[in-house]
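Just so it is clear, A, B, C, D and E label the chains in written order, and each chain counts residues from 1 on its own.
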Amino acid sequence: MDFATLIGLALGVGLIGYAVVGVSAALPQGVMTFVDVQSLMIVLGGTIAATAIAFPVKEVLSLYKNLTAIFSAEREKDRDTLLEVVDLAAVARKGTAELEKALGGVKNLFLKDGLQLIVDGLPEEDIRNIMETRVTNREVREDAEANVFKTMGTLSPAFGMVGTLVGLVAMLFAMGAESSGDDTIDPAAKLGQAMGVALITTFYGALFANLLFNPIAAKLRSRIEKRNVSQYMIIEGVVMLKNRKHPILVKEFLNSYLPPKDRVYET
Amino acid sequence: MDFATLIGLALGVGLIGYAVVGVSAALPQGVMTFVDVQSLMIVLGGTIAATAIAFPVKEVLSLYKNLTAIFSAEREKDRDTLLEVVDLAAVARKGTAELEKALGGVKNLFLKDGLQLIVDGLPEEDIRNIMETRVTNREVREDAEANVFKTMGTLSPAFGMVGTLVGLVAMLFAMGAESSGDDTIDPAAKLGQAMGVALITTFYGALFANLLFNPIAAKLRSRIEKRNVSQYMIIEGVVMLKNRKHPILVKEFLNSYLPPKDRVYET
Amino acid sequence: MDFATLIGLALGVGLIGYAVVGVSAALPQGVMTFVDVQSLMIVLGGTIAATAIAFPVKEVLSLYKNLTAIFSAEREKDRDTLLEVVDLAAVARKGTAELEKALGGVKNLFLKDGLQLIVDGLPEEDIRNIMETRVTNREVREDAEANVFKTMGTLSPAFGMVGTLVGLVAMLFAMGAESSGDDTIDPAAKLGQAMGVALITTFYGALFANLLFNPIAAKLRSRIEKRNVSQYMIIEGVVMLKNRKHPILVKEFLNSYLPPKDRVYET
Amino acid sequence: MDFATLIGLALGVGLIGYAVVGVSAALPQGVMTFVDVQSLMIVLGGTIAATAIAFPVKEVLSLYKNLTAIFSAEREKDRDTLLEVVDLAAVARKGTAELEKALGGVKNLFLKDGLQLIVDGLPEEDIRNIMETRVTNREVREDAEANVFKTMGTLSPAFGMVGTLVGLVAMLFAMGAESSGDDTIDPAAKLGQAMGVALITTFYGALFANLLFNPIAAKLRSRIEKRNVSQYMIIEGVVMLKNRKHPILVKEFLNSYLPPKDRVYET
Amino acid sequence: MDFATLIGLALGVGLIGYAVVGVSAALPQGVMTFVDVQSLMIVLGGTIAATAIAFPVKEVLSLYKNLTAIFSAEREKDRDTLLEVVDLAAVARKGTAELEKALGGVKNLFLKDGLQLIVDGLPEEDIRNIMETRVTNREVREDAEANVFKTMGTLSPAFGMVGTLVGLVAMLFAMGAESSGDDTIDPAAKLGQAMGVALITTFYGALFANLLFNPIAAKLRSRIEKRNVSQYMIIEGVVMLKNRKHPILVKEFLNSYLPPKDRVYET
């Protein structure tokens, strides 16, 4: 579990919820004043509809996958990967046959694929090319997915405004139409309520964008960059293993991918 | 048919339309309150006019072509292209004459052009140069076309605002001019109605931008990037065919352009 | 004449003008309500003043040159240039002396300068360097000029807002000052009119930015990119001529700079 | 201590505080009018919550570290580092053994690590690779941290608006609900106060973003760039030491990283 | 003197000033209505305070230097520099000793430093490296300084809004508090005046940003780019002098850095 996401979400929903409950205590419908299904439909529905137009089906369907990914912690740590590569460097110096045997125990899939290329006997240049192409294309795909949330983060306030405009136009016309009708209900009261309803879509739009879509897009983007660093570290490691470099040199080199306090100084 | 686009559009129009019908039920003119030809003329007309100034004729005319493209699904899949290239790799190893015979059956035009360059006997460097120049210039052209929609997405809310300003100014002056006239009609009713009409252009501008222009621009852009990946994969493939690489190596290399679950492990 | 620009401008002015005339029909001053010299001075004057601060004199003076350029069509077509280069490729193979004779008939100045470098006997690398430097610096200069319009496109709504703020502040103070004066004129009427005048600057700012400055900046930018493609095509062509490549190869290579339907398949 | 930060903060808080105290002098609750715990909770709480969702735990926790860093001055000056490298250049020419002895006195950690690589006998290319990888990854990490503040700078006005919307909606509904209740309190007074409270969140959001989060993000970013220049200077220096270049040449080269007035002309 | 800056500033201040005087003629305090020291303090003070937090002391202090630079014209012209380099090319062919004698007469400092490197006998590659590093670092430093103004251009409207919010909140609370007090003064008058004062900060913020900070940032940026072109031209020239190229070739090459009409065709 990624507790930061969870705590953040709980905190945000809690705080805004508390404020909403607080200000709506004196209202006749209480907190239900802020729950309006039609407004929700315009904002969420409009956002999803425009997103469906904006992206290929495959990326829209990645929404759910990414939502769950956001709540689960990253499994692997760069430091562990580094230690694994350094250990394998000692094995690789004994020969490709030894490396092949060790292959079964490698957990990181990207590292495993890279080692397989060494075992297959490809030259250094090809190994680097294949692995870098893989990283680039992984990034292109993941960026496209993070973009779905980013787009939702701009669309959601826009549809919030669309909803408010619909409400305002209706209210303004009603103001004209009904002012000559019966006056059992206070017109100011009606006006206030109509405008309140109209503003709820803007509130929904701003809330979804800033508490959900934008932060999720940011987290996906930050994971992509973190993964890039890990994979480039692995590529350098695999190339060094291919060249049978000494484990100490491998460690020294890969250390430069880690923040100072995570660096490994003894094996 | 690209069903995502269709479903998205239907969903968006449906939801907003439902909301509009809902709120306008009590109004004297019903849903026709939200239909205002003059407002439509300012927003759509202004947007198209400014777009005509902003882009060369050729790109403006590409609008229609791209609109239909948005609704039709992409024909080719990267996985099929990969399989085709791997099959051709076996042919290419038999000699250029064999490759020329196979040329007729190749469906992907970009791949076909690339193979023709092999058959013509051009050196590797020239093949790569010609093909990469083609990709770059295709991207420049397609970007210019996607840009037309992106520009319309910024112009449309701007002209929405221009229309609202025209309406507001007229209303404010009318307020001054008529306040000393006859008072058979309630001035508040008039004011409301005039302001309602003024806001409709803003509503149109926001709706067109966020349900049409921006999502379409995003989809065109995402297709451009998808096509780039495909074409760079084909370039790598053609160069490997030129060098008569083994089909297994070709497969291994081109696999790095595909997402893990699409990769081909057996031919 | 670039008819797209002309038609766009006529359409835009026509539509907005029609709307303005329509809504102002009932007003006492008619369409003159929307003509306010002082507002025009704040918006256009402020924009020009800030532009004069923001750019060197030379670039500000390029405004007029670029405005006329926008209305004149591009003279040369890439397809014609390609055919010219292919024809010259046959000449160049006969020797530098023949090429020198053909030089007089070359219309494209950039191509002519490039051929002169061949005639002068410069090595390939120098020719490429000189020509690419020329393209880069032409782009830097033209970008700076397109930027003048882009900046005016952001400044003009800003000064529109400045004007509106001036009007609003004055109106609000007047509201306080005069409310205890004589009341022969309806205060609501006065308020409306004052606010109407204040909003006119915002209207001017939005209109100039979205119907003039931004579209012109976009068109200049799109021409710069089109010219880049043409000039890079010419550079490749000149280098191939220098190396006395066969016209068919030249055609094949330069074709990759053109969209598929413009490509030349027979000479 | 970084006095600029301190003075800036004191000046900003002082001026805004003075203005707030000034305008609230006549209000019944005085300056406490502008202190509203619930508004603070929505703005700061919402911002922190969304930030926790948007970033990995580690980067959120870096907030505190960076806040203190902002207030402490940069320790090292590029000019001193240059002088140190030039001195070491004389030592390095005497041999690696001499350099190793001098290592203890080197204060700059990045320079020390680089010199260690020379002492370890790594080839020039590896030294450059390792050191540049370290700079790149340091920049990636620090950018991620500066991004936390930049994101808070966009979230904080957004949650300010969310809070204002909550307040407005509640106010508008209350307007409807209570208008038929008892009228001992002036409704205009109530309306004014409710709207005042609603606007306070927008005020908080704008203030935090523009006086705290955005400036801090800018300062972190400017430090990152300054550190890049320093470290690239050190890399060039270490590589020149590895090649046993003459101290005068080292000085000449490293001088190009300094502004003219900081350059060292005599050792 | 850079007359464009001066004329622009005079024109801008004049036009806005004329408009302000015009609209405030009927107000009791005349043009002084728009002069409000407290508003000025919030906007300018807040902007300067946040800038002090955002940038290192050195860059904030560069403000004054850059302000004066904006008003002084650029001294050197690329065409003159080109002619000077071409003249020196003839000297350089006679030998380094001759070049050293000519060094005293060179006015452009960057060119002089480059020639000194030739005289010092450094190899071509080192000369290019040193000079390019100098250009890059000059650009980084000048960008940081231009950034100060750009940041002030975003901060100033933000603090304008902060001031307006402070004013509005105070006004709204006052509306509640005083409505039950004595009514010798018309409440609408009070409301109008209070809101007018509140809006003045927004006016100041928009004016400073769009008439001062943003244009100055743009001009600094455009000078940086102009200086880059000049210095890259000088680097090419110095490298050609190092290689003792013929003055005609030097002229031909450097001409590509100039706009067509400035090019030198006879020496």
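Assume contacts are C-beta pairs under 8 Å (C-beta built on N, C-alpha and C of every residue); 3 or more make two chains touch, one makes a residue touch a chain.
Here the structure is a predicted model, which is why all the values come from computation and not from measurement.
Fewest steps needed to get from chain B to chain E, stepping only to touching chains, is 2. Listed by label, the chains touching chain A and chain E alike are D. Between chain A and chain B, the centres computed from C-alpha atoms are 24 Å apart.
One simple way to say how far apart two chains are is to compare their mean CA positions; for chain C and chain D this gives 39 Å. Taken as a graph of touching chains, this assembly is arranged as a ring, one closed cycle with exactly two partners per chain. Round the ring, from chain B by way of chain C, the chains line up as B, C, E, D, A. Residues of chain D touching chain A in their complex: 38, 41-42, 45-46, 48-57, 59-60, 117, 120, 122, 126, 129-131, 133-134, 137-138, 140-141, 144, 147, 151, 154-155, 158-159, 161-163, 165-177, 179-180. Within the complex formed with chain B, the residues of chain C that make contact are 2-5, 7-9, 11-13, 15-16, 18-20, 22-24, 26-29, 33-34, 70, 74, 186, 188-193, 195-196, 199-200, 202-203, 206-207, 209-212, 214-216, 218-219, 222-223, 225-226, 229, 236, 249, 252-253, 256-259.
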